[in-house]
Structures are given as C-alpha cells and as structure tokens.
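There are two complexes below, and they share subunit A, which is joined by subunit B in the first and by subunit C in the second.
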Partner chain A sequence: MSAVAPPPPASAPTPARRSARDSSASWRWSDRLGLAFAWLLGLAFLAVTVAIVLYMMVQGIRYVRPELFVTPPAQGVSEADSGGFLDPLLGTVIVAAMAMAIAFPLGLAIGVWLSEFGNPGWLARLTESTIEMLAGSPSIVFALFGTLLFEQGALGFLSRTNDGVVYGRSFFAAATMLSLIALPLMVANVREGLQAIPAHVREASYAVGKTRIATVRRVLLPAARPSVVTGAMLGVGRVIGDTAIIVVLLGATLRFNGAGGVPLLSTLKGTGSTLTTFVYQNAPTGEINQPEKAFAAGFVLLSMVLALNFAVDVAARRGRRWR
Partner chain B sequence: MALGGPQSRGLLPDQRAELMLGALVCAVLLFVLALVVFVFREAWPSFQHNGLRWFGTGGTPDQQIQAIFTSTDLGQKPVYTFHAWPIVWGTLVTTAGAVCLSFVAALFVSVFVVEFAPAWIRALLEPVVRLLASVPSVIFGLLGVLVLVPFIGQHVITDDNRRSVAYIVSLSGYSLLAGILILTLMIAPLMIAVFSDGLRAVPRGWLEGSLGLGINSWRTFWKIGVRTARPALVAGTVLATARALGETVMLAMVTGGVSFAPNPADGLIFFVEPTRPLAATILQTAEQLTSAPMRHTIFAMAAVLLFSAAMLSLAGWAAKQPMKKYGVRT
Partner chain C sequence: MSHTETPPPVRRLPLTGAEPRVVDTAEQRTVVMPAGSGAPSFVSAPRRKIASSPLAIDRMQVDRLSIAYGPKLAVKEVSLPIRQGEVLALIGPSGCGKTTLLRSLNRLTELTKTASMKGRILLDDEDIATLEPTALRRRVTMVFQQPNPFPMSVFDNVAYVLREQASRRPRKVALQGAVRSALERAGLYDEVAADLSHPALRLSGGQQQRLCIARALAADPEVLLLDEPCSALDPASTQRIEELIVALREQVAVVIVTHNLQQAYRIADRVAFMYLGELVEYGAAEQVFGSPREARTREYVSGGFG
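What follows is the complex of A and B.
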C-alpha cells in the first residue's frame, strides 16, 4: 500500500484553458506578442467601425432637415437652393421593390429546386457554381450587359424610345440587373434554411400522404420562413447599396424623368436616381458637389441599412428552431 | 406554383412542379450564359485589334480612350488601339495591397473573436462585423473623400514629395493609399466571417489534446486551429479578392481618376500617387458607350473583370473541397 504513490487529490486544479490563458506572463515573448496583437487588432476593428458609424450619425444629424425628405432635388449652386432628396429616396424604394419582385420568386424557386429536387445532378452543380459566380461578379459588368439587353428593339417598350433608337435606361432595366445581385443571397439563404430542416419532418409529411411539392409549400417553406426573410432582407441591403448599376442603367438624373404618357408607367420607363447615386454625385468628386446633402442622404441610406441589419438579426434569432 | 387539378395532362402535380422549377432554373442559367457570351462578343473587336498588347504598356489610356471615342465623330476609321497596363496595374496593386493587409488583420481578429475575446466583446464584435460588411460602398467612398483624402493630402504628402514628381503627376491626396486602406476596411469583414466559421469548425478535441500536453492556449490555437482552418482561410481570401476586384464606386471616388501607373521606383511616394482601377474606369467612361469602338473597349475591360471573377470563383470552389471534411458550409 505504502509503496504506491498516492493518487492526486481530486480537488487538484485541472489544467483548464482558463488558467493557461490567465498565466500568459509565463509564455514565450512571441506568443505574448501574438496575443497582444490579436487584442489590439480586435479592439482597433471595433473602434474603427464605431467611429465610422458615429461620424456618419453625427454628420447626418447635423445636416438632415425634415424638409429634405419632401423636396425634390433641384439645379443649384449652393447647399441652400439645391433642394432635397425626395426623388432619390423614392427611387431607392422603387428599385428595391422591383428588383426584389424579380429576385424573390426566382431565388425561392432556385433554392427550393436545389434543396428539394436537384435532379439531374450535373444541372444542380452547374446551377450552384453559376450562382456562386454571380455572387463574385462585379455589378458593373451586369450594368454593361443591361445596356446591351435593353437597347434591343424588342425591349424598347421598357424604356424611352426616340425615332426608333431605344435609350435603354429605365427603372425596368436597372431593377432587372439589380435582381441579379440579390439572387445569390436569396438562393443561398433559402437553401440553407431548407437544408437545416431535419429529414423526419419531410418524412412525417409524406407519411400523411402529402406530395413533395405540397410538403414544400405547406411544411418546409413555413418552417424555413426566417431564412427566406433573411435572404430577402440581405438582398434588399445589397440592392439599395449598389451604385454602379444605377449610374449606368438608371441614368442617375436629378429627378424622375418620365417617358410616355401613362402616369405610373412613365416613371418606371423613365430615368431617375437613388440615394446611392445622389451621394455619389453630391460628394466632392461628383458632378453636383454639395457635401452636406451627401452626408444627409448617406445618413438616411446608412440608417436604412442598419435597420435591415437589425431586422435580419431578429429574423435569425427566430430561425434557430431547427438548429 | 404548379398546383392545379390533379393529374391533368397526364402529369402528377409533383412532376409538373419539378418541371416548372427546373425550367425556371434553366431560364436563369441561359440568362447568365447570354450575359457571358454577349460581354465577350462585344469585347472581341478590342482584343482582336490589340492582341496581348491590350494588357501591355505604351501611351496613356486616357488619351487612347479619347482617341477611340472621337474616332467615330468625323466618319474616320474607328481606332481601337488601347494599352491598358496602367489600369490593370492599378487594379492589381489596390487589390493585392488590400487583400494582404486585410488578410493579416482578419486572421488576428477572427482568432481573437473565436478564442480569446471575453464574452461581451465577442457579443459586440460579431454584429459589428456584419454591419461593416453591409455598409454601401458609396458611404465608404464619401468618408474617404471627405476624411481620409484630405488627411493624406495635408499631412502625409510633403511639399518635397509634390515637387519631386510634379513633372509627371500631381499629388492631391486622391491616391493608391486611400484606396487600399478603405478597401481593406471593406473586405476585412468578409474575410473575418469566413475565417471565423472555419476556426469554429476545428474539432474541439484537437485543441484540448494540445492544451492537455501543456502547450499554452495561444500556441495551441495558432498551430492547430489556424492550420486546420487553412481551407477556410483560402476560401475567405478568394471571396474577398473577388469583392476587391469588382469594387467600383469607392475606388472611383478616392483613387484620383487618372489612368496613371504608380511607379514603385518612386519609393514611398508610390503609395500616394493616383491611379484608377478597371471597374472604376468602366464606371467613369460608361457615358461613352454610344461610340462603337469605345463600347468594345469598355466591354473588353468588363470581360477581363468577368474572367477574373470566374477564375476566382473556381479557385474558391477548389479551396473549399477539403473543408467539407470538417462540415464547414460557406
């Protein structure tokens, strides 16, 4: 008995990670440097982001006036007589609604097909890589393709036409190409949401005699709704933040510049601008150069993005059911 | 969708739904195929005319663009000569600079977030990363133009610097440096998101094993966590590179808008020289699409971007294959 060394007492501190972390004073200098660097960069990253948001907020609150929201932009040489940003604000809303009207059903369909059908396999793989390529492609390339597409005579009814020459810049053109940048986010989120649903949910639905498509519609999509909503809101975020497509395909004119006689349709067929192009043109590098207006519009744009982000967080929290 | 009367036209509702969804998928694929084909078809005359010299040096692109644009005015022969090296070089330098900087930053930040940050900092940092990733690029551009560019112009560039290159290019603060710094800030959140996913997927037991051997927690995570997550590091870098290549508006605003190739031989002045990457050039010349040879030239630039994006997405796919082992989905 006495020859055997006593076992370590049960209360001996286990070499837990916490204690190892706490005693970093005993580490080699290179490890300590690394840890210090990680802390430094992490805090710096936090500080920079907070600084950016705070700076935009402060500048925005300094320059935002309620009347800016209801005054259309005007030709002017000073901050006082260049109007507000009613038209760009409406333009942002219109463009986001139209682009999502295309991207939402398409993204839903592709996501459902990829997750629930995906037959034949090569087509599914091709679709996946195509969507991934779309996500990585610069939006300016889509914009250029848009000019080609909408200058075709057959699509002339979607924009202004002058003596048979199709102008090719309109809300229709811009929204169609913008839907391409929202599509990958939509597809990825729908797919992820559907795949997170356990197989037994599908089997239970089949067992009570539902067809596959009925299962998708009545069981899976309602269950995956938070992911669908997340995808749609991320898509809206990308769409309202895009500038290149708007500059090239919407003309980025100061005000709505309708085409044709029908009231609403003429606006959609005509050119206009959004908050992003308004900021772009009002920045010192732009054509109008009214930085205060740019800050005000940028503040509104950033607030919209922040609100969307917050909504995505809420939706994601509600979507944890299956995970 | 295709839910109608049962078994009409001899197809089950399921088959009909599958066919309709498949048709939609095919339609989107055809649309993207048309996009690629038409962009390259429109670009072809410019490449055909210049060959590989398209990417070469010789002359200033701005003057060449002017010549190409005006060549249709007087019924002359269309001009296609375009040597895009300064623009391509500007793209390469801004992208490489931003990717290198943000790789280091994102690696340390994601290690910090995943392993070393106290809970409250982690709870703060995660939404902040997502927020920064969704800020529109025009807002970064605005901040760059109104904050960073004047700072560089007044405090970084000295009068001596200005004089020393005055006969080549004027230094105003609109510079490579401003572009690289802001681009770093824009792509770092993307990298952090992918890196963190990869680092979180490292099997806990591997780390515990190393800790159990008495290796300290930093060394453990650096040698085992980060190495295991290497595929995620590659995938995140590829994703961020694609974003950096395609970044248009911010770079058009802060890099100066002249097709000048910053010269490394100028020493540190290199970083404060202006340039203009491909995507920004397309944006700023988009008004000249009406002239046929100019349109071909602009589409040639777009084709280069599209090709690079496709290659990068291929590389990203290849890098992601080993990650499936650890169950990481990105």
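What follows is the complex of A and C.
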C-alpha cells in the first residue's frame, strides 16, 4: 500500500484563514466612514419600510374581517353600518384585468419589435423615447387627458351618456389610461429579456433555415418568458396601486353604478371604485372617514402587491438560463 | 410571415454516378508522413481516421470570394472546394477571416448590416446568392462555438428543424423516426432515449453540443459547418465529437473552424490555412502540417505565431 500517499496529518500547520474583517483593517479612514454611512443609510431605509409594512399589517389584521370581503359599501355614519369593500375589491380586479388586456399584447409587440427588428432606426429611437416619457409622466396627467378623450362624442359608447352629454367616466376609460402606466414596464422587461439571449442562439435558429418570425415565436419568446411574466406582474402592481386615474376617470361612487341595460357591459360602462379610492375616501381626511375600513382595505391592497412582488422574484429566479 | 414551402429533404448525390470527382491520392492513405524539418511535434501522433474516405464529391465551390465589414476586408479572394467525404479544417490566427468565411457559406454574414461580399459560392453548381436564404440554410447547416440548445425539450430541439417555420405540425408521432435518426447520427440517442422530453438545457455541455449537431443534421444537409465546436468542452466530450465528425464526413461535407492545430491534424483530410484574410495554403492535412509549402504556414503550424 506504499503507492497510496498517506493523508496529510491532521495536526499539519495550515495557514490561518483570514477573516473578512482583516481585509478592511487596512482601509483608509475615509473609506471606513463611507462604508459605515452606507450601512447606516441601508438600515434606515430598511427600518422605514419595515415600519410601514408592519404598521399596516398590524392595523389591517386588527380591523379586517371576513364579512368585509363579501359586503358592498353602504351609506352609513359608523364603522358598523358602512358595509364592506366587495365592490372596490372587484373593481380592482376588473381594472387590472382590463388594463393588462391592453398593455400585455401591446407591450409584448413593442418590446419584440424594438429588440428584434427596430427598423427603421429613427422610428425605434422615437418609440423608445415615447415609452420612456410614458414611464416618467405622473398618472394624473394621463387622467386629465383621459377626461378630454372619453368625453368626445365618438367615444360615448364607452361611458354613461345623458342627452348627448358624454359623462366620460367608466371602467373602460380608467383601464385604457391605466394600461399606459403598465406599458413601459412591460416593454422594458420584454426587451431586456430578449436582449439577454446571446446572439448565437438566434443565429443557431437562422442557421437551420428558420425565419426571424419563427425564431421569435419558438425560441426567443419561450426563452424570455420569465421576463415577460415579470413585466406583466410589475405592470399589474402599478395598475392596482394607482389612485389618480381611478379618482378622475372611474368616478367617486363606491358601489358599481351601471349604465345601460346590458348586464356585464353596463358595469364596465358605469362607474365604481377600487381599493385605492376606497382607502382614499375612508381615510381620516376623506369624505367618508371610516379609518378602520381604510386600514382593512389598505391591508388587502398591500398584501396583493407584496404577493405580486414575491411572484416576480420567483419568476426572475427561475429565468436565469443563459450564462 | 412568409409561407415558403420547406424544401424537400435529401438531395444527396449518390456516391456513384453523376461523375463524382475522385480524389484518391496516395498521401490520403498514409497515416504518418515523413516530417519535414520544421514540422510540429504532433505530426507523428496518431490520427482519428477510421479509414480513408474512398472518394470525395465536390459539394461547394468558393470562387474568388471577398468579404468586407464596412471598409475592412476580412476575406480576400479566397477560392477553395468543399467536398463530401472529407473534413476541411480552416486554421489560422484570430481575426484571419476563417469564421467569416465559414459564416458566408450559409449566408449568415448577411445578418451583419455592414458586411458586403464579392465573388461567388456555388452549392452543387448553383450560386447560393440565387437561393432563398432559409432554403440554403437547411442545406448548409451550422454548429456554433457555445452549445446553444433552444429552451425546449430534447425532442423539440430536433423536431423544430423538421417542422415548417413556427408551426407545431407535424406532431410528435410523425417525427419520431426522423428525430431518432438525427440523434443517432449525432451519437446522442442512447443517452437521451429514456426521456426525450427532458429539457435540453439540463444536459451536460458535451451532450448539448451533440444535440446541436443532431439539430444541424436533422435537416439532412449537404454541408455541415462547425465553428470551433469543441472549444467550450472538456477533453472527453471533445474526443467524442471528433470521432463523430470523422464518421460524419461520409454523409455530409464537413467544414470545421478550429484554433486547435492538434485537433485539425487529428480529424481533417484537407486543411486551409488563412492569414489576414488570405488563403495562404490549402492542401491535404499531412502536407500542410508535414511539409508546408509556404513559410507563413510553417511558422504557424510549428507554433511560431498566432
């Protein structure tokens, strides 16, 4: 057995492992101060965020009750007889679904076009700046523009109309403008996902006789799926959190207030509310002033957004395929 | 999107008839050449040849080809034949134009906006510029440096090539035979047969590269282009792929770009040495490595530069 080298004796002196602390011992004092400052700021922001979430959670759990989810809001002067938030909750879901029904296909198409085609170049650059401008605009501006747009007679079929006067407030109007908020997130993520795919993967598809379209549909979009999902979920998060567009374009009625006789269409043509406007109205400074309801609804809204963010994280982590 | 018909597969000329150009020289049978004075040390090493190819048929002819990226000339007036039955290795230092030459053979250079081309490339006596690019690329397929399977199952990676453009038809059952045959020719079938729905991106690097070769073979091409196919692989996978390439030359004309001179010597029948865009020397592997005619070739193959 002499051919086999004996294992090194356990007591052999090994060089002491340097701890990470040692390496910063040689730092200059200004660098150390900078590091300490960075740590402090990080902790401070963490503390603020945790405080907000914890406070909302604690308050929410105190006031949230199962019957609130199934009771529509009611006229009332006390917490006991002002009903629940069934309509606002449904309103949030409807608005998010409608806005994404517009923003998802549009954002996907624009993202693919920008990343894979982008011809002519000036149009691609113009589109990019437009999308960036949308991303940077405050949503109240979209809301104002929406009132102008949807009060036009030609678009009267999308909202309540009375003696030729177009009311201009409806789920259609709000969702259309909200889609503009989700659109930049969608475009940016689709584009980023496609551009993370190495060029040789595209060429491998071309090199077996596939067209660009076939490559996009069968290779690139499946590869970029996690980014597409991320974009959509971030978009939903923005849409359900927006207040300005809802206040201006969906109206201030907490309950669904349909317009016209067709069952589902009347709801969409009519006014209503979402969780954000419900919180706004029920907040201590709002018209209704039922803070317990506001905290309960805020808790639900926050939970929805946190769940979405978690889903985004999962999708992004599953997506790291390409080195 | 264009609905161009997928061209019928197999235009492979029979190995007899059609007056094949027979290249059957004594030097091809010789395994070890008397090494010249400046020959590199590996020239007396064994080669991977299973048997020398009985005959070779001209499949492609590169005729005074020049390619430029903008004002910069990458390939200068290169002419050479590409034959079924032979492995042609393109060697040369980085930036010598060998990859550009390879990519021009199935018009992938056209994806680069600034690229311009002069001269002709013939595929079975047809100018490839007159062919539909998608049709050409099914007849002249390519394998890349990085293993790049598509994010789908092993089966779908191969079936993707056989289906028409983005279509999902024909369905699984109809393609089983063709997919299996492609995987077998790439020497991968036995390893993946148990689960063809396994995601291709979870295979090992060497398996991924053989899947890419299977994909390239699925279209039943006449010419197979390989751009440094082993440079991202470990020695064991490299050996398998080299053996595979040598076996494949009977069915398809093989052109391989490689930085690895030993590899070129092990597997190539013909070697083209390129330098600064020029084709410096073209000849049988034994001759290029054993007794190069040009001083630049001698310097390069004996490790002088590059």
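What we mean here is this: the second predicted complex is superposed on the first by the 286 of 323 C-alpha atoms of A that agree within 3 Å, B and C clash if a C-alpha of one lies under 4 Å from a C-alpha of the other, contacts with A are read in each partner's own complex, and residues count from 1 in each chain.
The rule we apply is simple: a residue touches a chain if its C-beta (ideal position, glycine included) is under 8 Å from a C-beta of that chain, and two chains touch if they have at least 3 such contacts.
These figures come from a predicted structure and were not determined experimentally.
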Partner chain in contact with A:Arg65 - subunit B first, subunit C second, else both or neither: neither
First, second, both or neither for A:Pro198, with subunit B first and subunit C second: second
Touching partner for A:Leu46 - first (subunit B), second (subunit C), both, neither: first
First (subunit B), second (subunit C), both or neither touched by A:Arg218: second
Touch count on subunit A, higher of subunit B and subunit C: B
Partner chain in contact with A:Ala244 - subunit B first, subunit C second, else both or neither: first
Which of subunit B and subunit C A:Gly209 touches, first, second, both or neither: second
Shared subunit A contacts, counted only where both subunit B and subunit C touch the same residue: 211, 213-214, 217
Residues of subunit B defined as touching subunit A within the complex: 1-3, 12-14, 17-18, 21-22, 24-26, 28-29, 32, 35, 38-39, 42, 105, 108-109, 111-113, 116-117, 121, 124-125, 127-132, 134-139, 141-143, 145-147, 174, 185, 188, 211-212, 214, 216-219, 222, 239, 242-243, 245-249, 252-254, 257, 279, 282-283, 286, 289, 298-299, 302, 305-306, 309-310, 312-313, 316-317, 329
Subunit C residues touching subunit A - in the complex, by the definition given at the top: 1-2, 6, 106, 108, 111, 134-138, 141-142, 144-146, 148, 150-152, 160-161, 165-166, 201, 212, 215-216, 218-219, 225
Contact set on subunit A toward subunit C in their complex: 198, 200-201, 203-211, 213-214, 217-219, 222-223, 321
Subunit A to subunit B touching residues, read off their complex: 15, 17, 20-21, 24, 26-27, 31-32, 34-35, 37-39, 41-43, 45-46, 48-50, 52-53, 55-56, 106, 109-110, 112-114, 117, 119, 123, 126-127, 129-130, 132-145, 147-149, 183, 192, 211-214, 216-217, 234, 237-238, 240-244, 247-248, 276, 279-280, 283-285, 291, 294-295, 298, 301-302, 305-306, 308-309, 312-313
